[in-house]
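Notes for the one structure printed next.
Going in written order, the chains are labelled A, B, C and D, and every chain counts its residues from 1.
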Amino acid sequence: MGGPEPKEGGRELERIIFFSDAVFAIAITLLVLELAVPEVPADRLGAALAEQLPHFFAYVLSFLVIGQYWMTHHRLFRHIRRYDIVLIWLNLLYLLGIAFLPYPTALLGAYPTTPLVDLFYGLSLLWPTTVSAVLWFYVRRRGFLSDELPPDTQRQLGKRAIATAAVFLVGAGAAFLSIYAGVFCWVVVLPFVRMLVVRRF
Amino acid sequence: MGGPEPKEGGRELERIIFFSDAVFAIAITLLVLELAVPEVPADRLGAALAEQLPHFFAYVLSFLVIGQYWMTHHRLFRHIRRYDIVLIWLNLLYLLGIAFLPYPTALLGAYPTTPLVDLFYGLSLLWPTTVSAVLWFYVRRRGFLSDELPPDTQRQLGKRAIATAAVFLVGAGAAFLSIYAGVFCWVVVLPFVRMLVVRRF
Amino acid sequence: MGGPEPKEGGRELERIIFFSDAVFAIAITLLVLELAVPEVPADRLGAALAEQLPHFFAYVLSFLVIGQYWMTHHRLFRHIRRYDIVLIWLNLLYLLGIAFLPYPTALLGAYPTTPLVDLFYGLSLLWPTTVSAVLWFYVRRRGFLSDELPPDTQRQLGKRAIATAAVFLVGAGAAFLSIYAGVFCWVVVLPFVRMLVVRRF
Amino acid sequence: MGGPEPKEGGRELERIIFFSDAVFAIAITLLVLELAVPEVPADRLGAALAEQLPHFFAYVLSFLVIGQYWMTHHRLFRHIRRYDIVLIWLNLLYLLGIAFLPYPTALLGAYPTTPLVDLFYGLSLLWPTTVSAVLWFYVRRRGFLSDELPPDTQRQLGKRAIATAAVFLVGAGAAFLSIYAGVFCWVVVLPFVRMLVVRRF
């Protein structure tokens, strides 16, 4: 494709990061709108709130997941110094996945034990992870990364991007069998895998 | 009209850009609220989700469209160095169109094959495009553009603004006949036209 | 009250402005959520959309009104150099009024010809205007304004703040008689009054 | 746990503050969505609006509460110079509580006199306060605070964090008995306690 010359970051790159941060912040805060106030007599409210537990669970899970994505995005863009229109589009496709998450969250709250929904949720998580990995390899191949980042670290981070995507792929499958297995992958296995690499730089 | 003297950009111009970026980010993230969780028995959920396909399609389409507008706005304001109150109002009228887009998106998801809705959606896209073209000619005529931008490029960008508005006008008409024809205009024809000009600077 | 010493602006004042801008941007973009997609057969959609005209009218009106408030806030804070906790609270009370506006907007869309609603809408506009005038006199009295702002201009701006509040007060009353009279005040009379003063600096 | 080395703030710390401010601004502005337009004949609208008084009360209360949290967060992060991943997670857990507040607000509006709801609301306020106190002690112990902040002031602020959490704990209990008692704690007692300490620095 070629396209126009890559541009030096500065002001423009900051605006891209700002836009991404705003989408993260809005998506994570919109999650609460999926929690509906029960319409029952006051004396049955306790039971009604207890029935909403899956919704609260989905809320907290997605909040932490989006927070995790935000931190990863953070770390990734800290190393980027140049950009082109392909990078902007990849970032938009990534944000499409982030901004979409309130929907699978609401779905998971409403149908917590339906395998199809668990799979849907898992695949929704897989999307930004995959785009993020593609984005990483793109910026590496095009030389958009900070020169201060040693090639060794770049390779490490590449491995981490693949490992993360793999965990999410396994997690989506596991979620189809049981949402608990999926959550175990995303919440326990994933940070563990990540931490192994984070230690390196 | 005359009005007060144009002011040098700096801090103030940044605040206008920040405000615009925030509106873009919020509008693009609010799109997801139009996706309603189906209320059916769990075993009929697969079919219910399949029925929602037009909503998902409208979601992705509008996400990419707003993303595209955001990039164009980006590129436009990168060249602006001075502003006055007319520019601020034009920008507000532009943002009115952007912030409105979640509504035609929801309409398109609910009535994907109704010609009236397709036209409505198309005209909703036409509005920010047209205001954007007016804004461009205004800043050019008033000399608000960066002095580094050669007159030749300014003319090129003016042509592009008109070409874009023309594609959207044709697209709105095409959408009235068939939503596919409209989408073809916005998604295939438009970036093609834009790329022709982008190459130049 | 006394309270803690006023602080020099810099970074902190910027964060207050950023927060205010974000509330403006969110409130103005949330307006669209009040527009509900009609649920009628496709062949009756045209009529249903036509019935929604008051909603579209309320949407555009409130969008322009919030935009106008945003610009005024802009202009006001451009001159502020110091702040204290009272200023932050006044600004929060002001933003409470801005963030509330989507509700009277929805009310106006649903009951466009009910005098009570028109009055409610008018009073909702009166709130931020009044707080804004109080805020202006507070910062003036405490000497929080830029030293570059000549005392003469400060007085002019004070007069404008009072004039604006007066127009809104009259507008709320006029809206009770007829929404058109109210809109005339806010959209025609107000910018006219403002422009008279803007010319001065 | 140890983990990676703490990093000097600068750009990254700013992005964390920006993200937090955005969540605050969105949560505070989303509150208005909980106010539903009554669907009654126009002549019964006055009575319907009067019935909504608890909702308006909950709206204003939560607006001021979130505003208060925002200011506290402000003040806290003004002194932070370094950060690590634990700080980011603590901040996320804090924001989870802030972003959640529109839900208990809606609940309080719908069931203003139900003790369970008042307790629920009180506990929702307790969460961010507690996390905030933990965060404060963490940054102090790790030496993330500005060196300009004298140890004496640090101790004062630590005491204030504990005092605030204690007031909220008492307030949650008081709210269970009567929402008015709870509100009295949060709105009257709390600022009083805070002011006592603020005077010191």
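Rule of thumb we're sticking to: a residue touches a chain if its C-beta (ideal position, glycine included) is under 8 Å from a C-beta of that chain, and two chains touch if they have at least 3 such contacts.
The structure displayed is predicted, hence computed values, not measured ones.
With every chain reduced to the mean of its CA atoms, the largest distance from chain A is reached by C.
One finds 37 Å separating the Cα centroids of chain A and chain C. Here the spacing of chain C and chain D, counted between their Cα centres, is 26 Å. Multi-chain contact residues of chain B (touching two or more other chains) are listed as 18, 22, 26, 30, 33. Interchain contacts close the chains into one ring where each touches exactly two others, per the touch definition above. Residues 3-4, 12, 15, 18-19, 22-23, 26-27, 30, 33-34, 85, 88-89, 92, 95-96, 99-103, 106-107, 110-111, 113-114, 116-117, 120 of chain D are the ones that touch chain A when the two sit in their complex.
Of all the residues in chain A, the ones that touch chain D in their complex are 17-18, 21-22, 24-26, 28-33, 35, 37, 39, 42, 45-46, 49, 59-60, 63-64, 67, 70-71, 74, 78, 195, 198-199.
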